[in-house]
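Going in written order, the chains are labelled A, B and C, and every chain counts its residues from 1.
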Amino acid sequence: MSKNLLKVVGLTVSLALVISLMSLPAGAAKTGIRVLVFAQGFAWPELFGSTGVDETERLKQFEEKEGVDVRIEWGDETAIRQKVAADFAARTGRYDLVLVGTDGGVQTYGYGGFLEPLDKYLELYPGEYFDPQDVYPQFLDANQVEGVLYALPYYSFGAGIMYRKDIFDKYGLTSPKTTDELYQVLEALKSGLRGEGITDVYPVTMRGAPGEEPTLDVAGFVYAWAGYPAWFEGGAMTPDQIKEKKAMPIFTGDFAPGFGAFVEICQKYGPPGISTHTWVDMMNIYAMGKAAILMPSAINAYAALGVTEDEQVKKYTRFAKSPTGSGGKQIQSFWTFSLGINKDSRHKKEAWKVLTFLMGKESMQAFAERTQWPNVTMKSVLYSDVLIKRYGLEEIKLNEESILEAEPFYFPYIPELNEYMDRVGTATSEAIAKTKPVEAVLSGLQTWALETMLRAGYYQK
Amino acid sequence: MYGQKYSNLKKLVLYAIVFTYLVFVLFPLIWLVQSSFKSMYQALKIPPALIWRPTFEAYQKALGGGMLRAFLNSAIVSLSNVVLVLVLGVSAGYALANLKTKASQNIGFWILTVRMAPAFGIIVPLYIILRSFRLVDTIFAVMVAHLTINLPLAIWLLKSYFEEIPSELAEAAIVDGATRTQILLYVLVPVAAPMIVAVSALIFLLSWNEFLFAFVLTSEAARTVPVLVASLAGTMRFDWPLMCALSTLALIPAFVLVVYLQRYIVRGLTFGAVK
Amino acid sequence: MGVRVYWPPEENKLSWQYKFLLPALLVLLSIVAFPTFFLFYVSFHEWVLFKRGMPFIGFENFSRVLTSSEFLQSLKVSVMYTFSTTTLTFILGLGLALILNEQLKGRGIMRTLIALPLVIPPVVAGFAWKFALNREVGVIGAFILPAMGFMKSLLADPSLALSSIILADIWSKTSLMFLILLAGLQAVSPDLYEAARIDGASSWQLFSHITFPSIKPAIIIALIIRFIDAFNVFDAIFVMTSGGPGTATQTFPLLGWKIGFLYFNLGEAATLAIIMLIMTIGVSIFLIRRIT
């Protein structure tokens, strides 16, 4: 018996081995640099094709010149998080360049010591691809934790309002400069649209999905109403500041007005499904012509312009700067798609080269030309012909002003940021969906925050 | 039921039930296939156009470049998974069916528990082991991970089937001087063929569809179809028609497989024939 | 001449069974050994990725997890979700299997079509349903339902979101139940039915005395596998609702994923995984005892 069984088993095992050997990637004479990122086919299509898995001429040129083999790996955000966490936990340094966002990634990974500080690379190996002088300082600042640069930005956005001029004209409205005006405009839109019996166009589209999705925007509202990042007493922004001033969380304090406003606007003027809406939903709704305003992350509407086939949407979409709240600050919404170098990477210098190439002017220009979004990091690209032709000088100028007036540090930069972002966002979704009243949601946040900070030792002597 | 003749009314009722369920099943599938021939804007338009100018953009993207590689990987993973699971599972299932002791029940249950641990708990340690054996991003790694999912199911299904087979069959063969292996291979496997075929089809499909392990354990070399499809859903970009196109393409071989195998099961042997 | 009973030489009492079992057991053991040990080890330590050190904290993770409000909420959601989808897919699958076990015309095609959802990865099914049910731009949510006078948002209304994800799961997983139960039904010999019918048994008696006992093993497997899968569903739900609105659809896997990969608290995540494992084992034992 054993003989036959062994034969079969042996055959299968050999078959399996042969197959798996076939699947091992061919040995690279160049240094392999692994990049883990999302937005397949969207990011760097001039290098990786519109499918994300091609190797274009330009890429090959770069690889030849620098002696690297760029291995890019795509996923969606969820899945990427898992891989990154597994890689960091195992400290295997498998991914040389990882995606970090400025809404938790930079902070949590930076403080956690998983990212390589980049300042010395900028100094020592400036390279020909990336010129930090060309980049708007706000975008670089956002990628710093306590003054140390941890990542370089690719496409990025600041706050703004995108609206339908045709709908505004119809009801005699102009873009709101303050949040009071915003309320008036929303109310007018609502009564106007409903008055005509239009039920499938909504005054505004925002995002309220649970998790960290809405928090960038919610934080922006909080900032505008309170006039400072009202998360901890006195607007403490870093672990040191919090410890020094023993700054307690103030979710039931100055955080509340902005939070409440966000929830209220969503409930009263947004589409019914808003408590589960994500970035993509905002984009789709605006693209299908179902919203008069999209805010405060204008980039979604620019994305919608790329998708829509609705003539009205295409012709009459305009950009306006974000309105100012009662605290004297504009509603913020700020984020950069950045890459950082893994501290455990074994080829940091080569990774740096790839990084500057991917984030450099050439890539940025290619991005602008393909997407025609004005959400670029560099002045020279923002003012390039393709964008000016598309939107006109005036709108480009407005976009620039919005960036220059942006405050990237409108929420705290602490290691626990990922968790804060997630909890605030989930609380927002709960409040919008009315599963709990706003006060209950905020006091729940407050209790959690207090307990977490205590346990983390922030308030000890 | 059970082989008796049905009145036409009863038949009608049965057909109606199945038909309703089929509408439920097919509606999303048809919508999926339809969307693959639309642009993003068209796909989201309400009311959906029943007649529209089809575009093959999604398919051009789907068939271009390394996307086909994912299909190959998926096929290899699924097929080899089937082979491995059958080799290991048929013998294990047969053994368990013949082990009437308390120990066998425990072993059987323990095999099932392998499948019970939640994925988020296992990913990190699995990644660590595979990383230390340098097996990340190989088809081998995914095959191994899928074994934990499919082997317990297969063993249990086969065990229950083997238990139903009358023991006279095996005993007759023993009298004729056969070894256990020979009994298994030449007597029982043919009898259990319908179940084995069914199990194979199931394992193939489960492996084909598996996402979590396939994603964490692969990079670009060993990427499978679900991983590819999911990676197209970025937070800031969402090519729904492309997803639909890929899913439609993935549907075709699986559809063919199911059609073919399903017939086999129906034509399967019954105990009457064996007697 | 007497018949000499001839046993194969290697036939020692019970040993051949173990030889046949060994390869499978070894494979499984080698894969799960480290992760199991890892999970238990980590759950007794504090391990947050962005903090230094991994101190031993005994049962603190367990007490923290078990008393957190998220845990209780997820317990509620997971129990409701798992129970609903398991029973519904079972009933549906059994009904369809019974019907299509018969000599109906076109059953081949019908069986094939019913099995189709198996071919769609759950992630894609999740996206498909999310888009279809979307209240603003979805085929069902923004077109068919409002036309019928149903104005609520299936995915954003807290009371309806759970039903929506259950619906999507039923669509995805009934096929599996159907196939397993059908295979079980196919194994039942028609002669048994013949004999019983000749003796004058009713349809119900045929079912309860012949069919049901014969397919008990198939039922057990189907239920346990379905239960395990439903309890562990992540992709489809995450894609459809992200656990929302709020935490209305946040099941254990979603919570565990958040704790581990978002909050980077691998200690608590491991703890939750172990708690889930214990629950799963408990329910499985219960199911097996109850049915056999």
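As a convention for this text, a residue touches a chain if its C-beta (ideal position, glycine included) is under 8 Å from a C-beta of that chain, and two chains touch if they have at least 3 such contacts.
Everything quoted here is computed from the prediction, not taken from an experiment.
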Graph distance between subunit A and subunit B, where chains that touch are linked: 1
Most widely separated chain from subunit C, with each centre as the mean of CA atoms: A
Two chains joined by the most C-beta pairs in contact, as defined above: B-C
Subunit A-subunit C separation of Cα centroids, rounded to whole Å: 35
Subunit B and subunit C, separation of their C-alpha mean positions in angstrom: 14
Subunit B residues counted as touching two or more neighbouring chains: 44, 46, 87, 91, 124, 128, 179-180, 230, 233
Shared-contact residues (touching 2 or more other chains) in subunit A: 1-2, 9, 82, 85, 89, 200, 278, 284, 288
Subunit C residues counted as touching two or more neighbouring chains: 8, 10, 16, 19, 23, 137, 142, 257, 260-261, 266
Subunit B to subunit C touching residues, read off their complex: 1-4, 6, 11, 14-15, 17-18, 21-22, 24-26, 28-29, 31-32, 44, 46-48, 87-89, 91-92, 94-96, 98-99, 101, 104, 107, 109, 111-122, 124-126, 128-129, 144-145, 147-148, 151-153, 155-157, 159-161, 163-164, 174-175, 177-180, 184, 194-195, 198, 201-202, 205-206, 208-209, 211-212, 225-226, 229-230, 233, 240, 243, 247, 250-251, 254-255, 258-259, 262-263, 265-266, 268, 270-272
Subunit B residues within the subunit A interface of the complex: 39-42, 44-46, 61, 64-67, 69, 73, 76, 80, 83-84, 87, 91, 123-124, 127-128, 131, 136-140, 143, 179-182, 185, 215-216, 219-222, 227, 230-239
Sites on subunit A touched by subunit B in the complex: 1-2, 4-5, 8-9, 12, 15-17, 19-20, 23-25, 34, 38-42, 49-54, 71-77, 79, 82-83, 85-87, 89-90, 92, 94, 200, 278-280, 283-284, 287-288, 299, 303, 307-310
Subunit A residues touching subunit C - in the complex, by the definition given at the top: 1-2, 9, 78, 81-82, 85, 88-89, 108-109, 111-114, 200, 202, 208-213, 271-278, 281, 284-285, 288, 290, 415, 418-419, 422, 426-427, 429-436, 444
Complex interface listing, subunit C residues touching subunit B: 3, 5-8, 10-11, 14, 16-21, 23-25, 27-28, 31-32, 34-36, 38-39, 92, 95-96, 98-100, 102-104, 107-108, 110-125, 127-129, 131-132, 137-139, 142-143, 171, 176, 179-180, 182-184, 186-187, 189-191, 193-194, 197, 203, 206-207, 210-211, 214, 217-218, 221, 224-225, 228, 231-232, 234-235, 239, 252-253, 256-257, 260-261, 266, 269-270, 272-274, 276-277, 280-281, 284-285, 288
